[in-house]
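Listed after this line are the structures, all set down as structure tokens.
First chain A sits with chain B, and in the next complex the same chain sits with chain C.
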Partner chain A sequence: MSGWLEHLVFGILATVSVLSSFLVVTRKNPIYSALFLVVMFAMVAGIFMLLDATFLGFMQLLVYAGAIMVLYLFVIMLINPRDETLPDEGGTSEKAFAAGVSLLVFALLTFGISNSDLVTEMTTPGGIPALAEVPATHGAIEAFGYELFSKHLLVFEVASILILVGIIGAVHIAMKQKPASADEEDSNEERLVTDV
Partner chain B sequence: MFSLPALLYLSALLFSIGIYGVLARRNILVVLMSLELMLNAVNIALVGFGRVHALSTTSGEHGGQIFTLMVLAVAAAEAAIGLSLLLLIWRRWKTIDLRELCRLSG
Partner chain C sequence: MSDSGTPLLDFFFAALRAIVIFAAVLQIVPALVYFERRLAAWIQDRIGPNQVGPVGLLQPLADVIKLAFKEDLTPEGVDKWIYRLGPALVYAPAILAFTVIPVGMDLQVASFDVGVIFLLTIGGFSVYGLAFGGWASNNKYSLLGGLRASAQLISYEVALGLSVIAILMTAETVDLNSIIRQQWAPGAAGLLEWNLFQQPLAAFIFLVAAFAETNRLPFDLPECEAELVGGFHTEYTGLKFAMFFMGEYVAMITMSALMVTMFLGGWSLPWVEIPTSPSIGDVALSVGIFMGKLVLLLFFYIWVRWTLPRFRYDQLMNIGWKVFIPLSLLNLGLTALSGVLGWNWLIPLPW
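After this line comes the complex of A and B, so read on.
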């Protein structure tokens, strides 16, 4: 992709992602938040693809925009919050506090980025160069997979165990249970009673 | 503008929007979504750094991208656990208001 086109695409992706993430945190109805979150995830996937991380871009679309958002929408539909049950959001003082803290964090991060020697060192004069200038294997799914399953195999295994624990935990937590009580014997008795 | 600092500024902006969402909202669903937003902001920075790092090595390593994949897995597990906790809270107290949950203890 030629230089200016890359800049243009990046500008559009960045603008839309910032706008939609702002809408995510300001909409009152969680359905709208979820839908704007999908837009934001898609934009981030586009940025990943611009950065030669094609595989990650597709994973972003599959895992975030696909699986996680379906999970969110399922939960929203399941609890079906109506306007009256939606929590009334905090007053202006609460919002001002949150905005102040987030602006402070943004200011600190910006200060850190603009004064970082590492970033200055890493930044080559022409910005992030085009695909041709990095090693040809970078970003190729084959090379990525080879590295993942050889050099970073342990990371992969840890991630798989983490997801397994997540699945089991989620199923166990969300399972329909008998009315839980504080001590175990009580709940055992209840279970016996209901079984009979 | 498409340089490493631009990416990092975008990442910082998205991250602070996520912080605003976590602090200002009382709807647990939106707070969880803001967490996802913050994780995504970090991912952008990681992939950007990895992309620049690949320039300085001849082997074309993918450290940044593999780290991002790990963050993706953590986000998936976090969403599953968080949403099932939310379902449990909804079944028990019929509310998704964080403010109410402060009062209802035990």
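After this line comes the complex of A and C, so read on.
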């Protein structure tokens, strides 16, 4: 993709993702928050794809937007919030406090990133040696898989064990509340929320 | 199909492919509705629609005109934005997912290097339409329908994805055209190369999960009229209802097309050679073969719908989590094992 087009697409993706993240925290109704969170995930996936990490981008969509958010939505819909039943949130002082904390985090991150060695290296001409030509398979499933199962195998396996622990814990909690002959549909729904 | 070298011409061909293929898929929908109503009548020993036009062939047109001129009601107390978003979110993903399906020899709207994953990802988004539509309608039946839809789709997507992964493991690629080429072998024995026979368990799981994913009977719990009036689309009228309806049929076509591609050899037939530089005639023939298989599979969908009774919701969730997901995991394990050991896990069969 030519340079200016890439910048334009990135600009749109970044702006929309920042705007929708803002809307996630400001919307009163959690359904809207969930909706804008999905939009945000989609935009981040778009940025991944712009960086040629197509597979990672689609995984972001499949796992976060396609599965995890559906479960969030499921829980929100079970509670079924309506505008008239929602309590008023926070006064001016609370909002100001939240804005202050967010600004502080933003300033810290900006400071940290702009002063990191990597950025200094990248922004000074000749700071990093020219890269060899990027292989065509860059970001494709095969390259991704090799990387994951060779360099990062230990981290990958540790993460799997962590997820397994989570699953077993969730099943255990669900079982304790419901002895063998309990209402089937309820226990199904609980397992559904915990398993995926 | 191929790059001509000039970007403008490439763009023109890409646009032409998109328009022709998407339009063709949309045109299948009314034909399918007519086909379904006639077949249902035949199965139930009735006559079915036979008054509008010769043997009732103009019935779909009459239905569309009726839907377009119906009053577009918006009930009081609905959440207007999400209420309008619902039908679009069912319809758009269904048609977008069709993008990667090869309808003929290397002929598809767009080819990504992540083919199948794109389809599953985008196709899965239609659950938002059902859930949002059900919630925004401000009706308890709609809400229950939306809840059922999201739980059901999430549950069966796991089994569907795992059965697809088993195929990707044997094929060692995610490119749908390569998967089709691997299923081709000359002569009648070439039929056994189809993944339907190579991976029968995956094919069965995929078929059942596809029924659940597209909300078709015997798994149409989100809209079962005996319990939930119309489920998530109870409060929708006119063209908004039509969009839900179209989305459902397009999703059914997309799922059938994926099934044809992954398990039934796609656009290839064992008796038809795959030339390396295909002529227009070869491509047309491959499109014909694909359509033939698609129609047979859609017939199967309709046949099942009017033959099997509806499952209960707890039965649906039980077989989903306690039968299909363990089965697909078992299949995945056996496929991996046979890949490592170099034999087919269907030991008695000599291939």
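Of note:
We adopt the following convention: the second predicted complex is superposed on the first by the 151 of 196 C-alpha atoms of A that agree within 3 Å, B and C clash if a C-alpha of one lies under 4 Å from a C-alpha of the other, contacts with A are read in each partner's own complex, and residues count from 1 in each chain.
Following the convention adopted for this analysis, a residue touches a chain if its C-beta (ideal position, glycine included) is under 8 Å from a C-beta of that chain, and two chains touch if they have at least 3 such contacts.
The structure displayed is predicted, hence computed values, not measured ones.
After overlaying the two complexes on the shared chain, residue contacts for A:35 are found with chain C alone; chain B is out of touch. Of the two partner chains, chain B is the only one touched by A:86; chain C is not. Contacts of A:77 after superposition: chain C is touched, whereas chain B is not reached. When chain A is checked against chain B and against chain C, the one touching more of its residues turns out to be B. Contacts of A:65 after superposition: chain C is touched, whereas chain B is not reached. Within the superposed three-chain model, A:153 lies out of touch with both chain B and chain C [touch as defined at top]. Look at A:141: by the touch rule set out above, it reaches chain C but stays clear of chain B.
When both complexes are overlaid on chain A, the residue A:55 reaches chain B and chain C alike.
Shared contact residues of chain A, touching chain B in one structure and chain C in the other: 55, 59, 67, 71, 78.
Within the complex formed with chain C, the chain A residues making contact are 29, 31-32, 35, 38, 54-55, 58-59, 61-62, 65-67, 70-71, 73-74, 77-78, 80, 82, 140-141, 184-185, 188-189, 191-192, 195-196. Residues of chain C that touch chain A in their complex: 79, 82, 112-114, 117-118, 120-121, 124-125, 127-128, 131-132, 134-135, 138, 143, 146-147, 150-151, 153-155, 157-158, 174, 313-314, 317-318, 321. Residues of chain A touching chain B in their complex: 6-7, 10-11, 14, 17-18, 21-22, 24-25, 30, 33-34, 37, 40-41, 44, 47-48, 50-53, 55-56, 59-60, 63-64, 67-68, 71-72, 75-76, 78-79, 81, 85-90, 94-95, 97-99, 101-103, 105-106, 109-110, 113-114, 119, 122-124, 127-129, 133-139, 143-144, 147-148, 152, 155, 158-160, 162-163, 165-167, 169-171, 173-174.
Chain B meets chain A in the complex at residues 1-10, 12-21, 23-27, 29-30, 32-34, 36-37, 40, 43-44, 47-62, 65-66, 68-70, 72-81, 83-88, 90, 94-100.
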